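Some structures are shown below for you to check.
There are two complexes below, and they share subunit A, which is joined by subunit B in the first and by subunit C in the second.
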Partner chain A sequence: MGRHLAFVAALWRTNLLSAMEYRVSFLTQVVGMMLNNAIYFVFWIIFFARFEEINGWDLVDMLFLFGVVATGFGAGTYLFGNAIRLSSLIASGQMDYYLSLPRPVLLHALASRSNASSAGDFTYGLFSFGAAVIFSGTFNGLMLLRFTLGCLASIAVLISFLVLVQSLTFWIGNTSLLTRHAFNAIVTFSLYPITLFDGTAKLLLFTLIPAAFIGALPAEFVRRFDLLQLAQICAGGGVFLFLSVYVFYRGLRRYESGSAIQVRM
Partner chain B sequence: MSNREASVLSPEGCVRNPSAAAVAGKYWAIFRTQLVNSLAYPIDLLGRSLLIVLFMWIFMNLWQVTYGATGARSIAGLTLADTMWYLMMAEAVMLSKRDLSETITEQVKDGSVAYLLNKPFNFILYHFAAGLGDSVLAFGGNLIIGAAVVWLMVGPPPGLTGWIFAGAAVGLSWLLDFCFSALIGLSAFVVEETNAFRWIYQKFLLLLGGVLIPLDFFPAWLQTVSLNLPFAWIIYGPARLFVDPSLARLGQVFLQQGIWLTVVGGIVWVMYRRAAARLVINGG
Partner chain C sequence: MGAGHPLCRRPDKLLSIVANQRPFRETTALTVLISNFLALCPVRVDNGLTTGSRLGHGALQFGSISSQCANFYRNGCLAMNAISVRNLRKTFQTKRKAAGLSGSLRALWRPAFQDIEAVRGISFEMEEGELLGFIGPNGAGKSTTIKILTGILHPSSGEAAVLGYVPWRQRQALAFQIGSVFGQRPQLWYHLPAVDTFYLFGKIYELDDGSLKRRISFLAEAFEIEELLETPVRKLSLGQRMRCEVAASLLHKPRVLLLDEPSIGLDVVAKQRLRMTIQRMNELEGVGVLLTSHDAGDIETLCRRVIIVNHGEIVYRDKVSTLKRRYLTVKTVDVRYNEQLAPDFSLPGVEMLKVGRYGAKMRFDTRKTPVEPVISGLAAAGSLADVTVSEPSLEDVISAIYARTEA
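Right after this comes the complex of A and B.
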């Protein structure tokens, strides 16, 4: 386990050094993404200025929600950048490289790339959490612990979901359209208050498109401790993680090499 | 030749000006080729249009709860049905427009712009014609699927006038949006990274353009600011015309689109001329 952690840490360090070779581009993307998120959040400021609350959710709840989702999404897609392009790696035969090395294939493939803009999401998420803490007027060490736990669960479910969807490439070939729709669906649903949706829709958001585990559930848990929610977050993260690893390795048996000559620089 | 568009060499070696019909025919052919190309993948076209179902479903939940909570039949003159039909048209325009800034940026960065600059067409107009070919079909798919979903949710759509007026305004919307895309893409001649500009522009469209919320729901000061910016006339203009068509509104939308097209289009033209003059190509 320690060996694998050291290996992943080395990959992350290499990715960071690589990004630092293009500092201006990196910083432009980070700042640009933060501005992008901030402009999007203005919608909710305008909305709640006019309608005050929707089914018990107010602006502070949205700040907590954006805090968890942006931090989780940013950290997840920065540290495991290939999670958003796994299907193209599989379809184009680029898994050959990872298969030929004595390291865990999935972990190696996912952590081999970092997205600069994701660092902007991560930073924005921390700002949003900070703003939520200030406006809610409640902060203590336990809240910070709950925020960390909530973000970790959010990362686990998001990355697992992306791996699960894209693992279908092993069976059905090109899944680029499905991946795009799944990605849009999970991100969009996770950024809306869960109280908008009724029973059937909620069931969907806890299973087929597990956006509730990425946004609403951890955000509510961060705001106030609830043992049941803690159990749900841990169970959700664990189940999706297990499923994604299992399905990916089952699919990997069907992987067909492209036998293409690839140059990695 | 200072202007490749205005003059070409005749077989005799003399410079002659092609007729406007010949120039239009050239871009019509590019548009038609892209249209046929998109039609070759109907499943992909249909699949891309499914995204509007997701957005309409979320909007329905959001605005149903909101209208329910306020207890009002209409907000800022829009009923729930009006709001949903407005959002359907706004999303259909948004999801159909082709973001060519990324393509142009890549062509500038990897130097392939050189291969397009020496062709007998204008680089900017070529991209617009090709993008339009894709947008027309995507718009049709989004309208059919989006309208079917919203009809099931809130009842029948606005009358025929709304469809005609909105349809007329959408063409200029795409042209205005394309000018912004070209501006972002051409900025790759000057700056290293254009992604940030693209994201921020998209978010301005979502918010100040009225994709996420009709501008009528904004506080008065923000509504005034938004209506004095070009983003509103790309999305809000056609979508509002759709649910509340009138000749006065149509005139206002055309006027604003015309003004902004002149301003932004002018900037694009100047930027393109300067960028093409500065272009340095290494290798062969």
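Right after this comes the complex of A and C.
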């Protein structure tokens, strides 16, 4: 485990060095993404200015929700940047590089790229959590611990979901379009209060598009401790992580490589 | 287990105890385990080239050999070669579609597939420390074979062992022992100086900082890349980049290097430099090299033995010198005299290509016409000013072999 951590830390360090080669571009993307998220949240501020709550969720709940989702999403796609382009790596034969080195293929592939804009999401998420804490007036050390745990669970489910969808590339060919739709769906649904959905829709958000594990569940857990919710987010993270690794490695046996000219960025 | 542990000091004793008490099959398996375990003894660097303690390194080597023994026992076929391949096959399924929109619509409704046999029952061996050429035209199956041998692809059938490991089952363990360079797939990070990738590789191959630094310094000198290491890769020429690529693949001191078209796109000088460094590393460290190339010059300069593949099958295998001797039998002679030649100048068994007043160009096949009478005939025809004897290039010979297999 320690050797894998040292290896992943070295990858992240190299990603950072690569990003620092173009500092202005990096900073522009970070600031741009923070502004983008802030503008999106303005709509919720306008909404809650007219309505006090929506099915039991108020503005502070939304701040917690955005805090967890943006921090988790930002950290996840920054540290495992290839999670959003795994499909093209598989379809264009770029997994050769990871297969020729003595490291776990999936971990190596995912952590070999960082998205600069994700650092903007991450920073925005921390600001949102900070604002939620201020407005709720309930900050304590345990809440910070719950926030960290909630974000980790959110990262685990998000990355696992993206890996699962893109592992289909091994069977059905390029899934770039499907990945884009799945990505948009999970991000969109994770940013709505879970109480808006019931019945089949709610079931879908816990299974096929597990947005509930990325947003609502960890956000509620951060706000107030609940043992059942803790068990749910841990189980959700574990199950999706296991499934994604299993499906990816099953698919990898069908990998067919390719002869396209490649560049390591 | 520390370096001072009795097992670390006397692995031979431990192994002999095990060997005396277990049947052979279990012994070999246990030997592999124990030897590889001993290889993990703490690192004690003796020079810039080793990364493990002598004992550990020796144990790892022994483990690999034992692994080969286990494979030999299991398969009853694999000798102590660096690479052993038997009846290897790889079939890809590709989608077929007629041209145009109607073809696309038909393929959407009823897709048609075709099996493409990229590798058709290839068998060969490569000894440790050997430089083996593996050449063939585009689509011959060279890269597919190399990808199977590195564990990137699973074969459809057949057997292969690289240093005793089955590549597609023991990919990670094998990757610690081999290096690979694919000309079309760089491993250096494009925006960073090569030295940053070297340090990343140090972590990937679990080299400690001290030995990594010494190794980088050694390779930088051997490959003459000291001045290039801190320049972003995107600013290096192709030749410079390729030297850095090969150096990166040798950081962990692999026992076998698989080079897939390393000279692709390089100019004559860069090719020559790359060949020299590969040859030097082979001589210095005994690293075995399986080299695929389109360039017959690579094979001619570097390899003692060559395997030629076409359409997924081996069409020729022998020493490069034998290839030359067998196929380079047609000699072209350009001769110039100090005096005028007779207008009906000719020699028995020699085809005259051009006859001038003071010289002639001719061709003969040494299998039909011995060299000696031709040279004697030339000398007898007048006072010689100059004689040039040339052979077809190895490239021409290989093209002729391809053409023969196409027929």
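Criterion: the second predicted complex is superposed on the first by the 258 of 265 C-alpha atoms of A that agree within 3 Å, B and C clash if a C-alpha of one lies under 4 Å from a C-alpha of the other, contacts with A are read in each partner's own complex, and residues count from 1 in each chain.
As a convention for this text, contacts are C-beta pairs under 8 Å (C-beta built on N, C-alpha and C of every residue); 3 or more make two chains touch, one makes a residue touch a chain.
Fair warning: this is a prediction, and the values are worked out from it, not measured in the lab.
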First (subunit B), second (subunit C), both or neither touched by A:Ser136: neither
Which superposed partner A:Ser18 touches (first subunit B, second subunit C, both, neither): second
Touched partner set for A:Ser88, first subunit B, second subunit C, both or neither: neither
Contacts of A:Gln229 with subunit B and subunit C, given as first, second, both or neither: neither
Which of subunit B and subunit C A:Asp96 touches, first, second, both or neither: second
Subunit B and subunit C footprints on subunit A, overlapping residues: 22
Residues of subunit B defined as touching subunit A within the complex: 44, 47-48, 50-51, 54-55, 58, 61-62, 65-66, 69-70, 191-193, 195-197, 199-200, 202-204, 206-207, 212-213, 217-219, 222
Subunit B contact footprint on subunit A (complex, rising order): 22, 24-25, 28-29, 31-33, 35-36, 39-40, 42-43, 46-47, 49-51, 53-55, 117, 177, 181, 184-185, 188-189, 192, 195-197, 201
Sites on subunit A touched by subunit C in the complex: 3, 6-7, 10-11, 14, 17-18, 21-22, 94-97, 99-104, 253, 255-257, 259-265
Residue ranges of subunit C touching subunit A (in the complex, touch as defined): 92, 143-144, 147, 150-154, 171-176, 180, 182, 184-192, 196-197, 199-200, 203-206, 232
